[in-house]
Amino acid sequence: MTVPRDTKKIIAIQEELHSHLPSDPALRVRALESLLVEKGLLDSATVDRWIEVFSEQVGPKNGARVVARAWVDPAFRTRLLGDATSAVVEMGCPKLEANSLVAVENTPRQHNVVVCTLCSCYPWAVLGVPPTWYKSFEYRSRVVREPRVVLGEFGLELDDDVEIRVWDSTAEIRYMVLPERPPGTEHLEEEALAALVTRDAMVGTAKVAAPAAGN
Amino acid sequence: MDGVHDMGGMHGFGTVEPTHDKPLSRTSWRSRIFGIELSYTQPGGFNLDWMRHVLECMPPAAYLSSDYFDRWYWREAAILVNAGWASIDELTTGQAADRPAGAGDPMPPEAVSALLDQGVDSRRPDAGTPTFQPGDRVRARCHSPLGATRLPRYVRGHVGAIEALRGWHVLPDASAHGEERAEPLYCVRFLAGDLWDDAASPRDLVFADLWESYLEPC
Amino acid sequence: MDGVHDMGGMHGFGTVEPTHDKPLSRTSWRSRIFGIELSYTQPGGFNLDWMRHVLECMPPAAYLSSDYFDRWYWREAAILVNAGWASIDELTTGQAADRPAGAGDPMPPEAVSALLDQGVDSRRPDAGTPTFQPGDRVRARCHSPLGATRLPRYVRGHVGAIEALRGWHVLPDASAHGEERAEPLYCVRFLAGDLWDDAASPRDLVFADLWESYLEPC
Amino acid sequence: MTVPRDTKKIIAIQEELHSHLPSDPALRVRALESLLVEKGLLDSATVDRWIEVFSEQVGPKNGARVVARAWVDPAFRTRLLGDATSAVVEMGCPKLEANSLVAVENTPRQHNVVVCTLCSCYPWAVLGVPPTWYKSFEYRSRVVREPRVVLGEFGLELDDDVEIRVWDSTAEIRYMVLPERPPGTEHLEEEALAALVTRDAMVGTAKVAAPAAGN
């Protein structure tokens, strides 16, 4: 079927919807689901399945395993920085929208941070569903313009001579940050290293902290 | 489109509040609309460029005052109404007056695994020689159609350098409106000091992935 | 400031609805805030540039969803709180905890006639030779401070021609923030086709009044 | 006194006000008026006086008289187009914010229209308080970009070869449009002509219509 895809018409439809439908999103979403099921366009069991998959299977633990592997295996690190898409599949991550994943590496002189100013593109395959702050207007508007101030709001203070590299996900290229391995972790195994790696460190709003003394 | 969704560099938004989000749950409306979007049969097929554009077309005040997942709801509702697959009455009551012809069967739960493995892919085979090479200086065009585009306003008119060629990718400006056309996609590096006259650290860098038709030599 | 108030050329807004407005009345809240704004003693004195800027600093979603005169309310409230002349508690209850020192007497009704006759005036004496002459081609700078400015985003980076010199006027970018500085003000003519890549009638013209520091020769 | 005039601080104050104060504007405005009176910053009789002035004395009738005079008196028309500020004071208009008023003249080949994209600047001295549509986001955003479409929404269709001149009131210069005198009005006196001139014609979203047959 040919679907009309006209901007002026969609703007008018959106205005009409907003003036007619109830304000409570829970009500509207419930009605939408019933409607789609009745129309034969949706199987609610598939909705359940997606929720299950993103609760249990797809999340920042995937990315953390990738990072830890890159820290302990120089050959893997090279593959990850050269072709992250293949490298993460090798680690058992799903593909999803990450058919063009790029890993960008932090160094003592370069710090990377990822954003999507136009919507909220995010490397679901390795990090799962984005946190609310990543989708916030505050983050989307400000991190390309005053990255140091925004990182400071996350508690991350960078030296003035560290170059900040902001990656705006304007196309279907997805970015993940390969953070620096923290000092004092030379003795740790891959699994223990993975446990240190946070979601925020892979978006670039945090560094990976060294394990607390005594660990 | 010059819309409020094009947020890069906008002033007036406050402090970023790092959040602790609840995990997805089978019963929350946010999780339901998340799963619905990945599952329902869309008129004309799943088209991310159209989906993003429909969301951009929300009334600006509503865009800025609604929850992220609620914006997904408004997108799906508008996609259905636009195609004649649902009416406002049906969306209000949740009761179907009829079934769209030729929509086929809905996606079964078993199909989820295949989608996880395959994903969506905007890459296309090379179809010529790209105009630009890494290192070339380029200027982002002042291109702002009343329609989909992925050229953010904050880079328009500014000069950067080609960082990398990303291969050929489907052009959103065409794809969103139903025409598939591929172009070379480039990662373009901009100096913060060239983008913002008030950049606190003018040597910082901003990278954006931009299609060939968004760029001109300079 | 790159805010949602800078509306020229923004997409996403619908049809203009010609309205039939009710006349002002002594009791409507819109008329009251209108009259209050023209009458109350402001901290630091009446400063239109600051008043406009404070309004631009509303939360973007609130700016887009509130009534025009309600935006005036938020402006006056913020001006008072910023100066320490009122607290949120006082604004909520309408009851004063104290009186600002040195504010003098409020404006009496008899003063209205004089204001009608005199008005506000941003003109200042000539203080040098203007850089540009009518007919000169100029480019609007990419100037977007986190602060007041009257250089609209849609002309930034674009080329126009000096239509007329308007004399020397107080510069809002400085005046809003408490510093009075005058500059030559020019009326600049832009071709629609130079401003918008999708202009339906590219030979139509848009004129904006721009201060000298907003412009560079080209 | 020295007032702090810092943008970041004002943004924070605005956010705080919005999250604490009641949503009903009528309530808030009433509280504000009492508060200002109690603080000795406001005399409510002055508020009444302004409302009275703008109800009875300042409005589009002023501009209409100016237009009619320009139509019947070529010397006045020349003065108006050369220095509108003095010309309207000569006609008994107040000054208000119109210390730099500019009149722009419509011709068969040029049509002028006035807007303020950044806020809602408007020639109060000759036209009074602006109508709601002039202050609307729809008008402010669109008339500089697609003036023909917007004028069409007012019912004004212009020939393709008429040049549209949009005046964006970005400074303290105020604009009024001197519309074309409609055909068939040669016999009318100045006062009857003024009665034909509408507010919209002086903003540029309408033409002045010829009087209906039989008038």
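For reference, chains read A, B, C and D in written order, and residue numbers begin at 1 within each chain.
Following the convention adopted for this analysis, a residue touches a chain if its C-beta (ideal position, glycine included) is under 8 Å from a C-beta of that chain, and two chains touch if they have at least 3 such contacts.
Bear in mind that the values here come from a model prediction, so they are computed numbers and not experimental data.
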item	value
Given subunit A and subunit B, the chains that contact each of them	C
Pair sharing more residue contacts (C-beta pairs) when A-C is set against C-D	C-D
Distance between the centres, which are taken as Cα means, of subunit D and subunit A, whole angstrom	49
Geometric centre distance via CA averages, subunit C-subunit A, whole Å	40
CA centroid of subunit B to CA centroid of subunit C, Å	34
Between subunit D and subunit C, distance of the C-alpha-averaged centres to the nearest whole Å	15
Residues within subunit B bordering two or more other chains	1, 9-14, 56-60, 64, 146, 196
Where subunit D touches two or more other chains at once, by residue number	7, 11, 15, 137
Chain pairs in mutual contact under the definition given at the outset	A-B, A-C, B-C, B-D, C-D
Footprint of subunit C on subunit D - complex, ascending	1-11, 13-18, 20-22, 25-26, 28-43, 45-51, 53-55, 57-58, 94-100, 117-120, 125, 129, 131-133, 135-150, 153-154, 160, 163-173, 200, 205
Parts of subunit D lying in touch with subunit B, wherever the complex brings them together	7, 11-12, 15, 137
Subunit D-facing residues of subunit C, complex	1, 5-19, 21, 23-26, 29, 31-36, 38-41, 43-44, 48, 50, 52-59, 62, 64, 66-70, 73-74, 76-78, 81-83, 85-86, 88, 90-96, 98-100, 102-103, 105-109, 111-112, 115-123, 146-148, 150-152, 154, 166-167, 169, 172, 176-178, 185, 187, 195-196, 199-201, 203-211
List of subunit C residues in touch with subunit A within their complex	11-12, 14, 60
Subunit B residues touching subunit C - in the complex, by the definition given at the top	1-4, 9-14, 56-61, 63-65, 141-146, 156-158, 196-198
